[in-house]
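Okay, so subunit A shows up in both of these, paired with subunit B first and subunit C after.
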Partner chain A sequence: MAKYIIKKLILLIITLIITSFVIFLIFELVPGDPVLDKLGTRATPESVEALRIQYGLNRPFIVRYLSFIKGVVTLDFGTSYTYGINVSTLLREKLVINFFLSLISIAFVILVSIPLGIYTAKHTGGFLDRVLSVLNQSSMSIPSFVLGLFVTFFFGMVLKWFRPGGYVSYKANFLAFIFFMIFPALSLALPKIAMCMRLLKSNILEEAGKDYAMSAYARGNDTTSLLYRHVLKNAAMPTITFIGMIAADMICAGIVIEQVFSIPGLGQMLINSIMTRDYPVVEAEVMMIAVFIMVISFITDIIHACLDPRVRVF
Partner chain B sequence: MLTVKDLKIEFFDHELPEVAVEDVDFVINDGDILGIVGESGSGKSMTAMAIAGLLNRKDLTKSGVIDLDGTDLLNSKRKDLRELQGKDIGFVFQDPLNSMNPVLKVGYQVEEALRVRKKTLNISKEEMKKRALEVMESVGLTDVERIYDSYPHEISGGQRQRAQIAAALIMKPKLLICDEPTTALDVTVQKKIIDVLKELNKKNGTSILFISHDLSVVRALCDRVVVMKDGLVMEQGSVDEIFNNPQNEYTKQLVY
Partner chain C sequence: MKNKINFQKIAGASIVGLMILFILLGFLNRNAFDAMDKTRILSGPSISHPFGCDEFGRDLLKRTQTGMGISVVISFFAVIIGTVTGTIIGALCGYFGGVVDDILTAITDVLFAIPSLLLALVFVSLFGSGMVQVTLALGVAIIPSFAKMMRSEFKKQKELEYVKMAKLMKVPTYRILFVHILPNVMETFVNCIFIAFNNCILAEAGLSFIGIGVQPPVASLGTLLSDAGGYLRSAPFLVLFPAFMLVLLLFGIGLLSSGESFHNAYSKRFKN
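Moving on, here comes the complex of A and B:
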């Protein structure tokens, strides 16, 4: 097990190095010049040259890449071209927002879809199963930003549980911040809950039809102990992979939902900084997202290995 | 001890009912080894599953009598059936890899019939392990401590099948049902499994219902043979009768 974790960690570091290079290279290749963007019509050859030196853009590609890597390691991404302040300070607040948004969303997915998935698998064809499968179909086919509008309308304007657009900073009031986040998180979670539930249900049913389930029956197990002792551990595997993928996707899906709920999160800033060619910010942000996704897939791998002895071999 | 009479199993998963098994009659006496031979689709596995109480699907109907020492297995409630499953009837499936749960240790699965009755048996963990190791040794497994703590994919096919037999035997059942237990194994391992079953029958007097399409295996192991085709019993008799003096046309084809 320890060997497996070390292997995965080494792999994680290698992927991070490759990803960081690709990210850096892409922003090197895209058209546009941050210096010209910033100076606009006032640009003279001298001022352009001066700003280039100030930003360190006059250095060769590989030197800049290495200093970017140093920044990643020390969490110091330099200064934003647009705002003139330290990128880390700039990003910290956004990261906290998106972290909690994803976290609450994933919590919704896990807490709702797993019990419901188990229940509907156990009572296939029952009343709740039929109702849920219709609801599932519809929530899966509506994109989450539309659901966001619906959630705003229903919870915000009809039930008046929260004030639409009334984002509270976590610095001002943490509980109010979390409470506000519940609603965008719910909009993000709804389609995923449906998918996750369906996946778990079909996996449970599939596993329950396998030979080992039959031989567990033949040893005197009832349906409940068959489900919890035998089937669930096997059936959970694809669902866990899927939840890992969802978690990674949440960060990106959050970018859209932020707009619907007027949350000053990563997404808003990402769009702005791409438009203004604010490379230190963009690179730092994309790198953060990449790290987040990789860490999640690392965690998923570890959970897998804990559940399935066959995974540990590789 | 086991009487099967007029057994009929019908499926309803298509528009017309489909008869899987019809007019099946046979008896297994105490200490007997009965073989059922037939090609795939002959209903032999279906018969075995019905006896083991594993046909609880909604899409089929069963009629007739399956009587195990006075208990009607066909019409018992599921709860009562569960009492018998693993205790009076042990079941060994064809493919030892698929019929063991890949994520649970071998020992856990061998002990399972004990564990599901833990409360009524009032048995400790150590006692369960001791019994599991004993029964694993009795089916010819060596290095049982290691196998007990291994996962199914970590041991060989022959060891898995022995472990399965051990799991079926841990409660010392009256009847052991083996559904093609040697089909997925290579020939040398097949022979060893057959020897284990033979010895088990001789030592403990366990009756065995052995399902196979392999005539040579049935001939080597069984006392009596039932030949099935298309859900019907073609012929039955002692091994001697069936193999040396078959009466039915289909049996003749099989034997010669």
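Moving on, here comes the complex of A and C:
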């Protein structure tokens, strides 16, 4: 087990290094000069040079890359071009917002899809199963931002449960913040719930048809214990991987959802800094998202290995 | 079981067909998509303007038709770019293996770790926004998943007898790859295309929604929805009609790539 974890960890570090290089290289090749952009018409050769030195752009590529890596490790990404303050301070606030947004929607996904998936697998062809499979297909085809608009309309304007656009900072009122986050989280979660449920159901049905399930049945297990003690453990594997992928995807889908609910999160920041060519912020943010996604896939791999000894072999 | 899948595919195909008809009917629509009419600002559905008019008095039906046309055209070309490149990379990796495979797999793994919307965002930030850039961005963004899927399929097929036979008969490699193997992985291939198409429509709408897709005066479905978001209270029909069309289109494509294959596609991603 330890060997497997170490192997995965080394792979993770190598991928991270490649990723950081690719991200850094991309922003190096961008046409356009952030210094000239910032100074605009006021640019004189002296002021351009001074700003270059201030941003550290006069150093060679490799030196800047190494300091970027150092920044990633020490969580110090330098100073933002537009805001003039430390990028980490800037991102920390946004990160809290997105953390809770993702957490709430993942909680929705897990709490709703797993019981429903198990139920519909057990009662295939039943009333609820038939209703849900139609609903599933339709909710999978609704993009989360369209759903966000519907949620705003229905919960915000018809039922008046929350004020559209009335984002509350978590510093001001934590409970109100969480309550507001429920609605974007809901619109993020619904399509994923449908996918997750469907995946779990079809996996359970697939596993239930295998020989070991048959022999467990022959030994005198009833359907319930067959399901919970034998089948579920194997059927859960792809679902766990999928939930890991969802968690990674949430960050990205969040970019669009933030726009719908006007939440000042990572997404808005990313779009703004792309527009203003604030590269330290963009680099830090893209890198952070990539790290986040890789760490999640690392964790899902480990969970897999814990649950299924067959994975550990290679 | 077989009948059910067929039924699904027929339903999906007819919905997609209807949507394409809807787009084509736009050419018969006399209203220009950017003609403004002060007297009709935010007016509701009527006979001359079945979908109503937007905040500048432009006909929403025509705008939805052109918008959807743009979304479909962008996604179509993006899928072609992604499919061709992804299949070639995947085929070469899966078939030859070795160092090239290792390197390319590492690169696709890295790209795979970056969500496609983010990849498209970065791409657009580098080359500016516009139809061509968005198409390229989406095309590039779907390459990794395509390459990954095709690689595992080709790797599996490579071990089979008929490929070994063809090799012994000295069939040229490109012929083995694209004439012998490709038809055998057609099912996955076609499903991948539909899933990719679905994702492209979604991503394009998302990009335009956050304002970095196609630029005004051209408007895709995402732009329409994002503009309409501000009038949710006074004119909810502005959101309803484009959203309904978008969802219907995605629903049709979703039916075409049937549920089973969706599950397979996702689980295949993890079985090596």
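Couple of notes before you dig in:
Following the convention adopted for this analysis, the second predicted complex is superposed on the first by the 314 of 314 C-alpha atoms of A that agree within 3 Å, B and C clash if a C-alpha of one lies under 4 Å from a C-alpha of the other, contacts with A are read in each partner's own complex, and residues count from 1 in each chain.
Assume contacts are C-beta pairs under 8 Å (C-beta built on N, C-alpha and C of every residue); 3 or more make two chains touch, one makes a residue touch a chain.
None of these values were measured; they are calculated from a predicted model.
One of subunit B and subunit C touches more residues of subunit A, and that partner is C.
When the shared chain is aligned, no partner comes close enough to touch A:L175: not subunit B, not subunit C. Shared-chain residue A:K210: touches subunit B; no touch with subunit C.
In the superposition on chain A, A:M294 makes contact with subunit C only, not with subunit B. Looking at the shared chain after the overlay, A:P309 reaches subunit B, while subunit C stays out of its contact range. On subunit A, the positions that touch subunit B within their shared complex are 210-212, 214-222, 225, 229-230, 233-234, 307-310. The part of subunit A that touches subunit C in the complex is made up of residues 14-15, 18-19, 22, 26, 29-31, 137-138, 140-143, 145-146, 149-150, 152-153, 157, 164, 195, 198-199, 202-203, 238, 241-242, 248-249, 251-253, 255-256, 259-260, 267, 270-271, 274, 282, 286, 289-290, 293-294, 297. Residue ranges on subunit C touching subunit A, taken from their complex, read 106-107, 109-110, 113-118, 121-122, 124-127, 198, 202, 205-206, 209-212, 225-226, 228-229, 232-233, 236, 239, 243, 246-247, 250-251, 253-255, 259-260, 262-263, 266-267, 270.
Subunit B contributes residues 52, 54, 78-79, 82-87, 89-91, 93-95, 98-104, 112-113, 116-117, 151, 153-154, 164, 167-168 to its touches with subunit A in the complex.
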